[in-house]
Structure formats: C-alpha cells, structure tokens
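Listed after this line are the structures, all set down as structure tokens.
Shared chain: chain A. Partners: chain B in the first complex, chain C in the second.
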Partner chain A sequence: MLKKKTIAMYMLTLVLFLAACSNGASNEPDKEGAASQATGEATTDDGKEIELRMSWWGADERHEKTLKVIELFEQKNPGVKITGEYSGFDGYLDKLNTQIAAGNAPDLIQLGGNIKEYVDKNALLDLTPYVGDILHVDDFNGGLVKAATFNDKLYGVTLGVSSTTLMYNASMFEKAGLPVPNENWTYDDFKADVIQIAEKLGKGHYGSYDLSSDAASLGSYLGSVGKELYRDGERHFDKQEMIDWFSMWDELRKAGAIVPADVQVASPPTAVDKSLVVKGEVAIQSASASQIFGFQELTQDQLGLTVYPNGPAGSGMIPPISGQFITSYEGTKHPEMVAKFIDFMVNDPEAGVILGSTRGVPPAAKIRDVLAAQSTPVDKVLYDYISLVSNTAPAVDYQQFPLDNEFTKLLQLTSEKIAFNANSIESSVDEFMTETDKLLAKAKAQ
Partner chain B sequence: MQKYKTYAAGYLFLLPWFIGFIFLYLSPIIASLYLSFTRYDLLSAPQWIGFDNYKTMFTDDYRLGDSIKVTFKYVLLSVPFRLAFALGLAMLLNQGMKFLGLYRTIYYIPSLLGGSVAISVLWKQVFDKEGLYNQGLSLLGIDGPNWIADPHYAIFSLIGLSVWQFGSVMIIFLAGLKQIPQELYEAATVDGASIFRKFARITLPLLTPVIFFNLTITLIQSFQTFTKAFIISGGSGGPINSTLLYSLYLYIKGFTFLDMGYASAMAWLLLIIIAAFTGVLFLTSRYWVYYSDGRD
Partner chain C sequence: MAIHRQIRSFFFHALVLGFGLLMLYPVFWLLSASVKPTTEIFTSKGLWPSSITFEHYSEGWFGLRNIQFGRFFLNSLILCVVAVIGTVLSSSMAAFSFARINFPLKNLFFALMLGTIMLPGHVTLIPQYIMFHKIGWVDTFLPLMTPKFVGDAFFVFLIVQFIRGIPKELDESAKIDGCGWFTLYFRIIMPLSLPALITAAIFTFMGTWDDFFGQLIYLSDIKKFTVPLGLRLFLDSSGSSNWGAVFAMSVLSIVPSLVIFFLGQKYFTQGIATTGLKG
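Up next, the complex of A and B:
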C-alpha cells in the first residue's frame, strides 16, 4: 500500500517536472509541426496590402536610419507595409535560426560573412531572376557581387563595404603625447604604444583591449607572419604561432598595458554602450569599421580607424569585404516587392543619403558620389580607412572558418583560461589545437 | 448507460488539459527523443546517427563536464541555503507580530519578479565592480572583486540570486507552520523545553512533509535554471564556463551552434539526472518524512 502510494506520487512529480521541462529546456522538437502552420498564416493579405518583415542588427543610429528608409519606401509604394525587427547583434542569429526553422523568417534578412551558411541550408531566395529588371547591381564593383554569388546564383546584395579592424581613441594617443598609428606600424610599435599609453595616463587606463580572444585579430596576425587561419578545409597555422600570439598578449597583460581579464568580461568591447574606448579608458579595440558611427556618437573623444600592425610577412589585413548583405528568405510570398525594396535601399539617392555609411561604404558608385558631396567628419574617417586598407591589404581571397560560432567561443575560452591564470599558455594552446582540429573534422563530416 | 454519461462529463472536463498535454508536452518530448538520435541543425532535415550524440556526450565533450560540475555546485549550494533562509524567515513571520500581512507581501516581492529578465539585469548591476554591493564593502574598507566577471566568484552571485528568491518557498513553509497545533508548544513550555528543543523536537518533525515538498520542487527548478545564467553571463556561460549551467549549455548547443540533435540528447540526460535525484528523495522519504495525521 505504502509503496504504491510512493510510486504514484513519484510518477506524478515526474509528470509535473516534464511539463515544466518541456516549457523551457526542450521545446525544440515541435518546430517541424509549426513550419506547415506558419506558411498558412502568412497569407493573410489577399493581394491588396503587402506586408513584409525585415530584420537587422545594429546600434540605435542604424535603427533610426533604416526605419526612415522603410517609411520613405512605404510612401512611394502605397499598399506596402514593412515591419522592422531590429536588435543588437547578441542573440540576433539565435532568433533568426529559430524563425527559419519554424518557417516564419522575415522576408528581408540582414546577414554578414556567414551568408554562405544560410545559402547551404537553402534558407535564402535566389535573386538572379530579378537582376537587371527590378534589381540593379551593374555599377557595383564585381567583387561585391561575387561575394554573394554561389553556384552562379545571387543570394544577397551588399549594403556596405567594411572590414574588421582596429578602432582607436585618438584623444588618448594625444594625451599620451604619441602620434596616431599609421599603416606602416608593426607589432613592436603596437606593443610600445599600448605600454606607453597605460603608463602615461595612469591607473584605470589601458593601451588596448585584450584582443587575444578576437578571431579577426588573430586572423590578421597569422597573415602578418605568413600563415592563415583557414583555407579549403584545413587550418594553416601551427601550435607555435598560437603560443607566440598568446604570449604577446600575456606579456602586455603582465605589464598592465591591456585591460585585465575581469574588466574585459564586465565591459566587453563589442557592446557600444559598454566599450571603454568610448569612455576614454582604453585606447584600442577591434571593431567592424562601419561601427565607428555608433561609437563616435557616444563620445566627445576623437575616434579613428587603422589597419592591424605589420609582421615579418608584411600586412595580414583581410581586404575590405562586404560588411553586410541584405538577403531574402526563401519562403517569402512577395519576392518581387522584396527585390524592389532591396534595389531601393542600395540605389535610390534619397535612401542613400538617409542611410549614409551606417553599414559601411555604399556599393553603388552613384550613391557614393552623392554622399561624398556632403560627408561628415566621421564619414571621412571611414572612407579614408577603406581606401587605405584597399591599398595596403594583400590580395587574398578570404575564406571564413567553418562553424565560425563554435570557433569563436573556443578562442574566447582559451583566451580567458590564460588571462585568468587558470591554465598555462602551453596546455591551453594544446587544448585549443585539439579542439580546432575536431571542429574541422566535424565541418568536413557535414 | 447512466454510468457512461457520468464518465463522459468527467472526460469532457479533462479534455482541455488532456489535449494540451498531448500536443504541447507529450509530442514534443517524444520528438526530442527521436531527435536525440539524429544530427539536426534546425534548417535542414534531421539525419539518423544512432547513439553518436550520447557517445560524444560521455567521451568527447569537456565543456559538458564543466557544465555538469557547475550545475551540481549551483544546485547543492543554492537549494539548502534557499530552504534554510525561507524557513528562518517563515518562522520570524509566524510570531504573530503586527503588520504581518505587509511583511509577508514585502518578502514575497522578489519571487514575483522571480525568473524575470529585469531582476537578473538588476542583479548584474548590484554585483558589478562599481556596483552597490562593492560600494557597501568599500565603506568597510574592503576592495571587493568583480563578482560577476571573475570565474572564482561568478557562480556565487547566481547562488545568491537564487537564495534571494525565497518567497514561494517561504509562503509554503508559513502555511506548514500554521498547521502545527499550538498545544504541543504549550505543553513543551510547561515541561521547560528551550526554544531550540522545541524547534528540533516539534517544529522540524511536523514540518517534514512541507520540507519534502519544497525540497523536491526547489531541486528540480534549480537543475533547470536558465534565465539568471543567460542574462548575467551575457549568454556565454563565462568567464571560463564558470556560469555554464546545464540548461544554458543546452541552449548554446541548440540555438547558437545549431546542434539541435545533441541538445535533445542533453535534455534527456538532464531528465535522467533529475529523475535520479527525485527518486532518491522519494525512496528515502519514508525514513524521514512524518505525516502527523497517521498516514505514515
């Protein structure tokens, strides 16, 4: 009797738990069911009013400008309504993945270097049928069209040319009595500069963020020593380069020249509202060049952009690539209107003036001409930088590391282990190499 | 015939719950069991890979090991502290003081804000390097660490947050305390028993059914904690995996790395772990839970 009751209560508790659990932890499996449902729902408009959704990430400044362009498009095209779904970058892709799996992704999607991943998953619309007719890309630099072309089909349109690079607080360089870096600087110059800035500006000021966890910075460093992060399924660097990389940062950390580990975790450079470069406490961080608009808006200090330092093999800069693409969801109900809006974003002079260079230097020459006539000082910083890097970067055909998300997390974990002194450089790097090779093997198997 | 009609009414009342159970709970659970044997990236169709996910979990995923360690630390520390804290406050509030209702409400508020994102954001501010807590410490001349950003302390700020959300547990304890007959205390007082003796010999034994209930529920909740860790670590579980609670790692695997098959397998492992802990509680309960109404 007693036992029966105990068992019954036990089972009941488990059922209660299951209910709780399927709420949060494991609600993923019903996605397939939801897919068919959602496509049915999207047809609420019976031909008259066309409703589109567009998702992008960025800072406030970008949100405002994009919303204005949407408004302008709606005015010029009565009967079309576009709803913006915008946020910061954190969680953007998680949300998008879920929406795609559920079959209700936005009609217009902003993507970055990871566009290929979504092409491979058949999530994006082939825009080729609309090119020339609705969508005009003829005065784009050929490379920009190629960047979004896979298997001879166009899947996205470049919104702006940008590249990941170093953003510095010029006012801090000035206070420390140092000239701002130029394109000829080397890693020795970089080290000397950050040490001097930290020394001259005193406690609570650092020469640079700890960039050892930043995949783009690492990529550029490897280039400058004649190696490469990744090409054609293989890594093109060895343990020694990684040890050199982490040792360099460790040396600077011990000299008090870069941001200590706990401060870096609490105030990461990726969030514009937390960045200590904006606050005038750290002189250098890495960023996508076009982000300078969002950062500069929040500070009186003068911000600047420069290339990564040179190494024994010269510049390791990755040539400016398309910062962001606008793509369309494969399941959109209104492909023509989508193509029309994309064309409007990149070719309409009015839209071009509103957007400015918030996603990088615009790809269409005629828009650039319009903007050049009325550029702001920040525009000029970005334009000068883009032409600088175009001239100095070696002509390499950049390849994105596969499973980029996982690689980024792995690099960050390795960097934290060293920075918090949880593990020696040697053994952290060993672990890093093993895990990197596992990722490559996994990528091949997919 | 009449009998069937009676039953029919019953089943009709059951139906909403039953439909919800089948479609919202049971089918996703079964689907996740299937998915746990597949490679599924959310965007393309799942591929059957047999036991590979489970094999990887047990042999080739050091982050999972880290995550389980962190989760156990979190559960084993936060559950007892939360229960003890809630019981202590419930006993204070059971003293028949003035404005009892007001106090009860005030102490319950943190739990109303409970799992919410806002509270985690607030907590993050309080335990920041320049946050409220460290400012308090600095008045005492102590230079506090960066609680949330330091791998040695980060988990403790999560545990603290969990203990602070004691309200619902406290309310249940309070109800349990009210059930204990006053005569017992009076008799004990006449016999000259001390406060501690009364607590150990009357309050605790008579409260065991409530303790058992609270312990079980809190334990299960703690194993599933997600929001706090997600918000406070900015979704990373860092620094150095120090706040990588199981559910957070499951989320990262599923939605960031798009390993939904693996995440499903992890969900099943979590189910087994929780079932085991709950099972042990139930099996041992007959030795320490005392029902005063003679139900044994």
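Up next, the complex of A and C:
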C-alpha cells in the first residue's frame, strides 16, 4: 500500500518536472516559427521585414553610437530590422567561434586583425559581387582594401584607420622645459630629449619606454636608415642595423633615460590602466594612434601624437593601417542588405558623423573632411596626426612580417635578454638573426 | 602568566587583523576607485579620493542606451533563484537515493556521476550549444536554467556525504511508524541535512551570479543580459573603457552575494565542517 503511494508521489514530481520543461519548450518553437516566417516573407520580396543580426565588441560609447547608426539605417530602409549583439572584447571571439560552429553566427560581424583566420575557416561572405554596385570602396586608400582581400576576393570593409606611432606626455615635455617633438625630429633629437627629461624630472621619471622590443618601432627605424623589415619573403636588414638598434637603447638604458626592464615588465605600455605615460612618469611610448582617446580620458596631463624620428634616409613611418573590419557571415540569408548596410556605415555622411572615431579614423576621405570640421580637441590631435602621417610616410607598400606573433615574441625575448644583462648585444643579435631566418624559412615552407 | 597570555593574544589579534586588512585592500581600492574622478583612478596613489563623486554610480546605472543596469540585476536574480531551486531539489533527491536506497548498479552510477565532475566544461560546450540551438533555446534563459534541474554532481556528492552521517536508526524508526520513501526524504532527511542544502544553495547562487562565459555564449539580446555581461559592456580592451562605471557597478554587484553569504553563514560553515569538504 505504502509503496504504491510512494510511486504515485514520484510520478507526480516527474510529471511536474516534465510540465515545467515542456512549458518552456513550447514557448520557443513559437518564436522560432515566427523567425522563419519572417525570413520566408522577406525572400518573397513583398517589402516585409528583413531581420539581421550584427555583433561587435567595444565600450559603451561605441555601443551607443553604433546603435544610433542602426536606427538611422532602419529609418531609411523601412522593413529592415537589425539587432545588435554587443559586448566587451572578453569572450567575444569565443562566442563567435561557438556560433560559427553551430551555424548560428550573426549576419554582420566586426573583426580585427584576425580576419584571415575566419577567411580560412570559410566563415565569411565574399563581398566582391556587391562592390561598385551596392558597396563603394573606391574612395579608400588602396592598401586598406588590400588588407581585407584574400585570393582576389574582398571579405571585409575597414571601419577605421589607425597607425602605430609615438604617443607623448606633452605636460612632461613642458615641465622639462623642452618643446614638443615635430615631424622633422631625428633620432639624435629623440636621444637628447629623452635624456634631458629623465635628468630634469628626477628619480622615478623616464624619457621613454624601452621600445627596442617593439616591432613597429623597429620597422620604422629600419625604414629611416634605408632598410626594410620584410619584403617578398626576405628580410631586408643586416646584423649591423640590429646592433645599432639595440646599442642605441642600451646607451639610453645605461644613462637611466628609459624605463628599466623590471619596471617595464610590471607596467607595460600596452595596458592603458598600467601605462606610466598616463601616470606622468614616462614621457614617450609607442601606441596605436586611436588609443589616445582611452589614454587621455584617464589623465589630466596633455597627451600628443608624433611620428617616429627621422634617420639618414628620412622618415620610416609606416602608412596607416586598418584597425577593424566589418564582415559578413557566409551563411547570411540577405547578402545584399548586408552589403547595403556596410556601405551605409562607411560612406553615409550622417552615419559617419555619428560614429566619429569610435573605431579609429574613418577610411573614406569625404567623411574625414566632414568630421574634421566639428572635432573635439582629442579628435583633432588624432586627425592632424593621421593627415601628418599620410603626408610624411613614404609611399611604400608595407608588407607585414609573416608569422608576426612569433617574430614579435622573438624581438621581445632578444630585447629582454639585453635589458636584463643576460647576454651581450653581439651574441643576442647573432641569435636573433638566426632565429629570424628560421622563421622566414618556416613561412616559406607553409 | 595572565599578562603573558594577554600579550600573546594581543599580538595574535593584531596579526590576524593586519592580515585581514591586507586581504581586504583590493576591496577598499575598488570602493575608493568607484567614487574617484575618472582622471584620478589610475594616477593617484592613495586610497582617499581628493573629491568624492557619485557620478559613476548614476552613469553606470542609467548611462547605457535603452536599458538600465537594474534590468541586469533583475535578470541575474531570476536566473540565480531558479538555479538554486533546481539544483537543491534535484541534487538532494539524487543524493538521497544514492545514500539510502539500494538499487542495481548503484555504485556504477555513482562512479559515473562523479566522473562527470572530471569532464572539462569546454569539451561539452559546442555540442551543448548546437543542441540548444536546434531546440531553439539560444538567446533565452532556458539553456542556463534547465540543466540545473537534472542535478549537479558536486552537490550530489556533498549531500550524499552529509546524509551518510545521519544515523540509520532514524530511518528505521520512521519506517516502523509507517513512513514511505518520499516522506522519509521530505520529512526526516531533508530537515536534518539543512546545512548541506544551504551550502549547495549558496555555492549555486554565487556560481551563477559570477558565471560569465555560459551567460555570454547563450545570451545575445541586451534585455536578457545579466550583471557579469552588463559589467563588460563598459570595457573595451582595445580602446576607451568607462572604468568608473565598471567599478561602481562592481561594488553594487558584490552586495547580493555578500547578503546571501552572511544570511547563510551559520549553516554554511556547519555544512562544510560536517561533510569533511573544503570550500
């Protein structure tokens, strides 16, 4: 008797559970049904709703501005609804990878320098068929279009231009009684300034971060002595240039003018919350130009941007490169609308004004002109800088070192070996050259 | 002798207090950063702000477009409450049957269940996502809630350990008085395992409250965002981040966990002590 009652009780709880689950489940098919219905209607071209999803990462300013642009697009294109899926960068790619694996990725995807990885995964839509007709990129610097072109197919459109450069703390220059650097300065000026700042501002203050480990700084130095980091499968520099490079930094290190190795490891310049330039303790660091917004926000000191110093062969500046791309998922159901939105984002003056420099300086020259007329002081620093580089940077077609991550690590390791006195410059450079050649051989073999 | 003991106890307390303050330093730093002007957060060294401002709090709460931070709190709370109910109910039932009922292959099932603890979450992530996507549950709370109703191996184990410590004589006398399995579970064992249940509840609450990745993967619509996702909205590693708002909202997000912990603290320590598990 009792047993029966128990079983009845179990059954009851089980039923309750099932009810709870199925209740939730029954809500969902409705939604799914509605969604597929909507897409069904859109393909019949009778002007009903087209639903798109767009994902990007960023902070609240970017979210707000992007949402405003989406609203504007929706107003101008009735029947189109774009849902934003936005977050910070933490986990953004993990989520995207999961969605791609499940065939559920958003129609519009913001990507950074890793765009190639997704092209290789066949996850991105080839935008070439829409170029010229719906999507206009003829106003862009050719290099920017090339950066998202693989096997003659365009997979993404640049949202913002940036360039690795020197960011300086102008207030520290002022305190040391020095004029801020201009585009004509040389490596001798750089050394003199750095040493003076460290001397005049006293203990705990340095003229510059140790940039010997920075690949972009090295690239521009090599350019300024008439060499090149890389072109067409070969390195275009020799041991002597590397020795000169590391010796210059070693000399500054011994003079106490640049950040010592242990401090640099603890407060790397790349992290805005750790950078000593923000704290007013170091005057110069290398940074991506568009980062100046984030840095300036955290300090009352005046920050500025300048080009890398000139050498005997003039400026070695690297022309502006693309920071972020907007791409489309290969499985999107509305490729034309996607292309139309991409075009709207980069070419529509109204959208351009709303977006401003949230993703770097806009790639289209006509949008830049509109923006320059109404910029804030920080904007102006950035725009002036981008125009300056566009003018001073030699017209080279810059080629990225293959296996870039490994090369960056190698350079960092070599620099740290010297900075921590673990190895002499001579033998460190020997090792560096051998390893670099190994990397090049490895890249060729791929 | 008495004086000697007093001195010793003084030093002991001073040491413990000092160490405690040291551990609390990050929390104080967070509190102080949340009321500092933005330009001072990373530049001033002291904890004491030059001027106190509450603008980060209003900025964080009201500053996001189309949504208030309160919505994230509500979502997190709903998720946590359902998760706690689900976990406690299902895990305690499973634990009761493993601890008190004899059925065929019981040990094998118990071992299998423990085996699932060893399985890294990353392995099941994509299959699980695909499954929930096929059912059409992505971008709802269901993928985060439903699994809680089928038990959690760790809590089953915790409660089993606790139930094993309850004298069997109680069961026998209850049976003699005419008690069935369900009554035994509900009337006798559950009230006695309260500390273990509360431990499971607190762990689940905190785990769900702080979970970032699961919520990130399954939730896309900002209206369904939870507190951890909401906090990340202010952060952009590649550009500008609204640090003040992050810190202010972080301070608020600690509050529910603290309240729950202090409410259940008495049972919590008891639950851990008597099951021989370390938190």
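By definition in this document, the second predicted complex is superposed on the first by the 272 of 446 C-alpha atoms of A that agree within 3 Å, B and C clash if a C-alpha of one lies under 4 Å from a C-alpha of the other, contacts with A are read in each partner's own complex, and residues count from 1 in each chain.
As a convention for this text, a contact is a pair of C-beta atoms (placed from the backbone, for glycine too) under 8 Å apart; a residue touches a chain by one contact, two chains touch by 3 or more.
Quantities reported herein were computed from a predicted structural model and do not represent experimental measurements.
Peer 1: A:A266 contacts which: chain B (first), chain C (second), both, neither?
Peer 2: Once the two structures are laid over each other on A, A:A266 reaches chain B alone.
Peer 1: Contact-wise, after the overlay, does A:L413 reach chain B, chain C, both or neither (first, second, both, neither)?
Peer 2: In the superposed model, A:L413 contacts chain B only, not chain C.
Peer 1: Contact-wise, after the overlay, does A:V389 reach chain B, chain C, both or neither (first, second, both, neither)?
Peer 2: Neither: A:V389 stays clear of chain B and chain C.
Peer 1: Name the contact category of A:E64: first (chain B only), second (chain C only), both, or neither.
Peer 2: In the superposition, A:E64 contacts chain C only.
Peer 1: Is A:A422 contacted by the first partner chain B, the second partner chain C, both or neither?
Peer 2: A:A422 contacts chain B only, not chain C.
Peer 1: For A:D90, select first, second, both or neither according to whether it touches chain B, chain C, the two together, or no partner.
Peer 2: Both partners, chain B and chain C.
Peer 1: Look at A:T98 in the shared chain and tell me whether it touches chain B only, chain C only, both, or neither; answer first, second, both or neither.
Peer 2: both
Peer 1: Following superposition on chain A, which residues of chain A contact chain B and also contact chain C?
Peer 2: 2, 6, 9-10, 17, 20-21, 24-25, 28-29, 31-32, 90-91, 94, 98, 101
Peer 1: Per the contact definition, I'd like the list of chain A residues that touch chain B in the complex.
Peer 2: 2, 6, 9-10, 13-14, 17-22, 24-33, 90-91, 93-94, 97-98, 100-101, 118, 121-123, 261-266, 268, 403, 405-406, 409, 412-413, 416-417, 420, 422, 438, 446
Peer 1: If you look only at chain B, which of its residues touch chain A in the complex?
Peer 2: Within the complex, chain B contacts chain A at residues 21, 24-25, 27-32, 34-35, 39, 41-44, 60, 63, 128-129, 145-146, 148-151, 216, 220-221, 224, 226, 234-236, 238-241, 247, 250, 252, 254-258, 260, 263-264, 267, 270-271, 274-275, 278-279, 282-283, 285-286, 296.
Peer 1: Can you tell me which positions in chain A touch chain C when the two form their complex?
Peer 2: Within the complex, chain A touches chain C at residues 2-3, 5-6, 9-10, 17, 20-21, 24-25, 28-29, 31-32, 53, 55, 57-64, 67, 83-91, 94-95, 98-99, 101-104, 112, 272-274, 278-280, 290-291, 293-294, 297-300, 323, 358.
Peer 1: Okay, in this complex, where on chain C does chain A touch?
Peer 2: On the chain C side, the touching residues are 38-39, 41-43, 63-66, 125-126, 129-130, 133, 135-138, 140, 142, 145-146, 149, 178, 180-182, 212-213, 216-217, 220-222, 229, 232-243, 245.
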